[in-house]
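Take a look at the structure below.
Naming follows writing order (A, B, C, D, E and F), and every chain is counted from residue 1.
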Amino acid sequence: MDMHEAKRVEITIEAVMQKRLTDALKAAGVSGYTILPVRGGSGRSGEWSREGQVSRAGGMVQVVCIIRPDRLDPLLEAAFSVVERHIGVVCVTDCNVLRAERF
Amino acid sequence: MDMHEAKRVEITIEAVMQKRLTDALKAAGVSGYTILPVRGGSGRSGEWSREGQVSRAGGMVQVVCIIRPDRLDPLLEAAFSVVERHIGVVCVTDCNVLRAERF
Amino acid sequence: MDMHEAKRVEITIEAVMQKRLTDALKAAGVSGYTILPVRGGSGRSGEWSREGQVSRAGGMVQVVCIIRPDRLDPLLEAAFSVVERHIGVVCVTDCNVLRAERF
Amino acid sequence: MDTILSIAASNLLSPLILFFVLGLAASLARSDLSVPEAVAKGMSLYLLFAIGFKGGVGVAENGASAALGMALIAGVVLSAALPLVAFVLLRGITGMGRTDAAAVAGHYGSISIVTFVAASAVLAERGIAHEGYMVAVAAAMEAPAILSALWLASRGGRDAATTAAEPGLWREIMLNGSIVLLLGSFLIGWVTGPDGMAEISGFIVDPFKGVLALFLLDMGLIAGRGLRESRGVLGPGALLFGVVMPPVGAAFGLAAGLLLGLSTGGLALLMVLSASASYIAVPAAMRVALPEANPSIYLTLSLGVTFPFNLTLGIPLYLAVASAATGG
Amino acid sequence: MDTILSIAASNLLSPLILFFVLGLAASLARSDLSVPEAVAKGMSLYLLFAIGFKGGVGVAENGASAALGMALIAGVVLSAALPLVAFVLLRGITGMGRTDAAAVAGHYGSISIVTFVAASAVLAERGIAHEGYMVAVAAAMEAPAILSALWLASRGGRDAATTAAEPGLWREIMLNGSIVLLLGSFLIGWVTGPDGMAEISGFIVDPFKGVLALFLLDMGLIAGRGLRESRGVLGPGALLFGVVMPPVGAAFGLAAGLLLGLSTGGLALLMVLSASASYIAVPAAMRVALPEANPSIYLTLSLGVTFPFNLTLGIPLYLAVASAATGG
Amino acid sequence: MDTILSIAASNLLSPLILFFVLGLAASLARSDLSVPEAVAKGMSLYLLFAIGFKGGVGVAENGASAALGMALIAGVVLSAALPLVAFVLLRGITGMGRTDAAAVAGHYGSISIVTFVAASAVLAERGIAHEGYMVAVAAAMEAPAILSALWLASRGGRDAATTAAEPGLWREIMLNGSIVLLLGSFLIGWVTGPDGMAEISGFIVDPFKGVLALFLLDMGLIAGRGLRESRGVLGPGALLFGVVMPPVGAAFGLAAGLLLGLSTGGLALLMVLSASASYIAVPAAMRVALPEANPSIYLTLSLGVTFPFNLTLGIPLYLAVASAATGG
């Protein structure tokens, strides 16, 4: 099938920052993203888990964004401006997509 | 460790289409897949979120499928036949797996 | 932006084995991981779904681990020691990360 | 008229409506108040479980005459016919394309179970009895409208006949979770009758209205979010349709109910069913069978316009008319 | 015999059983009816919380004689011994491999708390009292069977001794959520007694049976899905085992209960515990310690065959026998 | 003193406290007992819904004098001022850095609604009335403390002024879900009064304490997990602060309440609010506006130290003092 090169950017970030991140992505011209729930994790700031939490402060989410390669830099800058002072991980992978006109 | 090349196909699709997609994948000889919940997202058809929904129409899921490279084409054709008229994203990444006999 | 090569390891494993896996990862010097919920799936041991389950035995999770390339081998050995006798999939992808000092 | 206003006034100040309004206001003001998906689904299961069971117990207590069968048939006919009315009205008022209009029309033939539940609560509060089998009629009205919608869409050339024949779609629609739970609970209530009710009334009667209030809060949140996100999607014509179609549908329900000789309460409920628009079963079917139709249009109309209209003004209106028509 | 039939008949037509059947039917017919995982877990927490607390209040009211200690010991012995019986029976009837058979056997030594809860509801309805400490016996019977299962598996060469010694496994089993909540609520009910009950009875008594009915609907859905997906996994021999083992287990429970001098209700419950098979704690332990054993076999037998058997026919049978045996 | 001890003793043996202790013990012992996130959030929505509504009905029944306005102002002032007290105390006792100390201080100016709910339950049990509008005061005290915390942090050079001006943050804080639901339910309870209460009391009154007990079980689980994971994060000074600050805050609440002329119950509740520390709204705001502050510190202090202290010893202490101070 007809595939096109693209980048898959996966940003793991605190749930309280989700809206700020997606707003920044939209401002940087990103046309779509998907948000995955996160159950728990561990990092320099310790271990955490979603179970039983009522606090909005507790959790993280994963924002996955598939974009054309030439749009990567503005996206990363936008993401970095939000993630900078916060905990979180940004990971970029090469990928191929169907229906490239969508990205 | 002994690794083998494979493809990781990630299909983001409406939850109502999940069963149709997995049936098509099985028919195309795919031996396994994993389904991840999706919390929300944004695309050409607007923004959406899972919170508070009771409608089955609302949500999306992500179907992740790891396969041997030579099986990619039939898989993509099967996926495309389902996704074609529907919203959704298909993204393929190169990967390496342990225990290749499983795929 | 300044990116650094890394590996993204995605381990799909039974929820009852989660703690054993993350303990093994920590023992192998892995500094962070993120755990995603899984809704359902299919493989050689059949199809399953999370819905309505009360049993702890039922579900799976995905452990995602981003590491420096040179740390891949110990990680895989640790993961394999846990996954060996159990069902589960280990998939490794090349990726690039921001803020490499974290990994 | 006096009655309508007094019912409407007391209705508007009931906790049920006010919690809906709270949800609507919170989400229009962009509060982050939200109900977890699992909790919302749990409440929805609870309401179907409770309303179905109560309906069945009602039939066990009062017996089901031949009227039950007739009412089911009437429900099926209404559900199949109302989309045609809605389609004509919609195409008359707005310039909406055939596919979108067909999808919307399907929603208005089918029913909103929470509107039905809210109307039952109003009846119960005013001590107006109704035929217990109306919940079975509600279940019978869920699906036929979908067939009509697909037929309407196919007349424009789209090969909906193939779609409708798609393996699995009909099974999915007829056996969708809400229909099965509603009808199943109805049958169980019927079989176990007042004894069964005595066993579980501490669960399905006492907390019922409170759960409904919390559920309506969530409906308000979703409706508000929908309205916010689809601003500009609906023109004034479509908005007009959203408040005109319910009374039109109710009028058909009234006619059918009078033919059936329903009681005041039963008549009001049949009007409510005819006036209400689906937001669970039909949207799911449309996503599968008519993916080209824009979900923002039909969800916003059904959930953001018609549902609030029925909840606040519609129910008292239909009840007043039903009272007048039955001399009750 | 007459009693059995009359109990069975009234049992079969109770909302509890009928909702289980509804769930089973819905999932065999491939309806998409489903209960969100979080809601199912929430109901399961509720049932453990309520049944544990009520048991504790029962002990506070009637005092716990030395019989409590004796009953706990009996429970531990039954749980450890029944897997041996099940293993022999299973290997006699079927050609099942040692590991699978050991895993299945472990399930039948342990208990199903929802079967216990359903039996308590039947007792309550018939006004038959029972020793409140039976819930503590239930908790005591959860784990010992796992040890027996691992021992049975290890005799075939597999080094289960190492597995059993695995750090964490025993802590996990002994402190698994259901045991902790059940015993904790039991102790709190015991300490706070009728005063504590007065405070929270609006939560744990009034809606209890309704929640149980909804939970059984979900159990039916899961059991049906399991049966559907594992068609062909169980041969006729295994199916036979699934309905023969419960009465056999119950007979051991009967003997133990008569030795302990339990009341009619307590005796029936000990029979139910012995007859029931675990579907929460043991499957989880087996996945960790005996991953080679096929979960389809033990889950389908426990949840798809034995659970429905006990719920419908088993409970009335054991109750009738217990009545006869105690002259009650 | 005698009163304090007797209240404390009966308080410590209530199911509410014991379920909290059960959760704490289970998670310190590393049991896998856990409440799904959605269920925990659902219970939290329920408690806000119920306590807000009851407060509003209380105002509808007894009328709201000018005292309501005065009490709201007092609440805002307390919430804004207490962080300064907490900051000075904390910096005096510990060597904590400015940012961390400011973040912690913000938590102690704000309130814990579940502590408030537990205190209301104690009052209800002892038949002590209180002003219904205290829930509005609780809502008013949620946010001002955050402003003070940011101001405290900014004095150290960090440009918190910019942060505070960040678009969206203030809207988020003022319209956070708990405030909106609490105030909204309060207003609805006020508007619908005893009639509204009659409609939904089967949901918000009868099961209330049981839900609270289950919720406290979850709070115990979370508090225990927090304590376990952050061992070593808090020095003895910080721990001391966690039990000294509540009575200090309560003393300010006492002074304000006496000025306002509150009843015994109202006074006790204002003391409880002043003594309690936020674990929902403030942590979220701090993660956004002061990400450098270590969440382990403030969450552990608030949830792991101060919450258990208030629940077990604080509430009886404040109630005894309030009784003495009002001669009640």
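The rule is simple: a residue touches a chain if its C-beta (ideal position, glycine included) is under 8 Å from a C-beta of that chain, and two chains touch if they have at least 3 such contacts.
As the structure is a prediction and not an experimental result, all values here were calculated from the model.
Chemist: What chains touch chain C and also chain E?
Modeler: Of all the chains present, none is in contact with both chain C and chain E.
Chemist: Shortest hop count from chain A to chain E along touching chains?
Modeler: The distance in steps between these two chains is 2.
Chemist: Looking only at C-beta pairs that count as contacts, which pair of chains has more of them, A-F or E-F?
Modeler: Counting C-beta pairs in contact, E-F comes out ahead.
Chemist: Farthest chain from chain F, going by the mean of C-alpha atoms per chain?
Modeler: B
Chemist: Return the distance between the CA-based centres of chain C and chain F, expressed in whole Å.
Modeler: Spacing between the chain centres: roughly 38 Å.
Chemist: Measuring from the mean C-alpha position of chain C to the mean C-alpha position of chain D, what distance in angstrom results?
Modeler: Spacing between the chain centres: roughly 45 Å.
Chemist: Of all residues in chain B, which are in touch with two or more distinct other chains?
Modeler: Expected reply: 36-37, 56, 93-94.
Chemist: Two-or-more-chain contact residues of chain F, please, as numbers and ranges.
Modeler: In chain F, residues 32, 34-39, 41-42, 176-177, 206-207 touch at least two other chains, as defined above.
Chemist: Tell me, which pairs of chains are in touch?
Modeler: A-B, A-C, A-F, B-C, B-D, C-E, D-E, D-F, E-F
Chemist: Taking the touch rule as given, give the residues of chain B at its contact with chain A in the complex, in rising order.
Modeler: Per the touch definition, chain B meets chain A at residues 10, 12, 36-44, 60, 62, 73, 76-77, 79-80, 83, 89-94.
Chemist: Which bits of chain F are touching chain D when the two form their complex?
Modeler: Touch residues, chain F against chain D: 36-39, 41-42, 45-46, 49, 53, 171-172, 175-177, 180-181, 184-185, 188, 191-192, 196, 199-204, 206-207.
Chemist: Which part of chain B faces chain C closely enough to touch in the complex?
Modeler: By the definition above, chain B touches chain C via 1, 3, 6, 8, 22, 26, 31-37, 61, 66, 93-99, 102.
Chemist: Can you list the chain B residues touching chain D in their complex?
Modeler: Residues 14, 16-17, 19-20, 45-57, 59, 85-87.
Chemist: Quick one: in the complex, what on chain F touches chain A?
Modeler: Chain F reaches chain A through residues 34-37, 40-41, 44, 168, 176-177, 218, 221-222, 225, 229-230, 279-280, 283-284, 286-288, 291-292, 294-296, 299.
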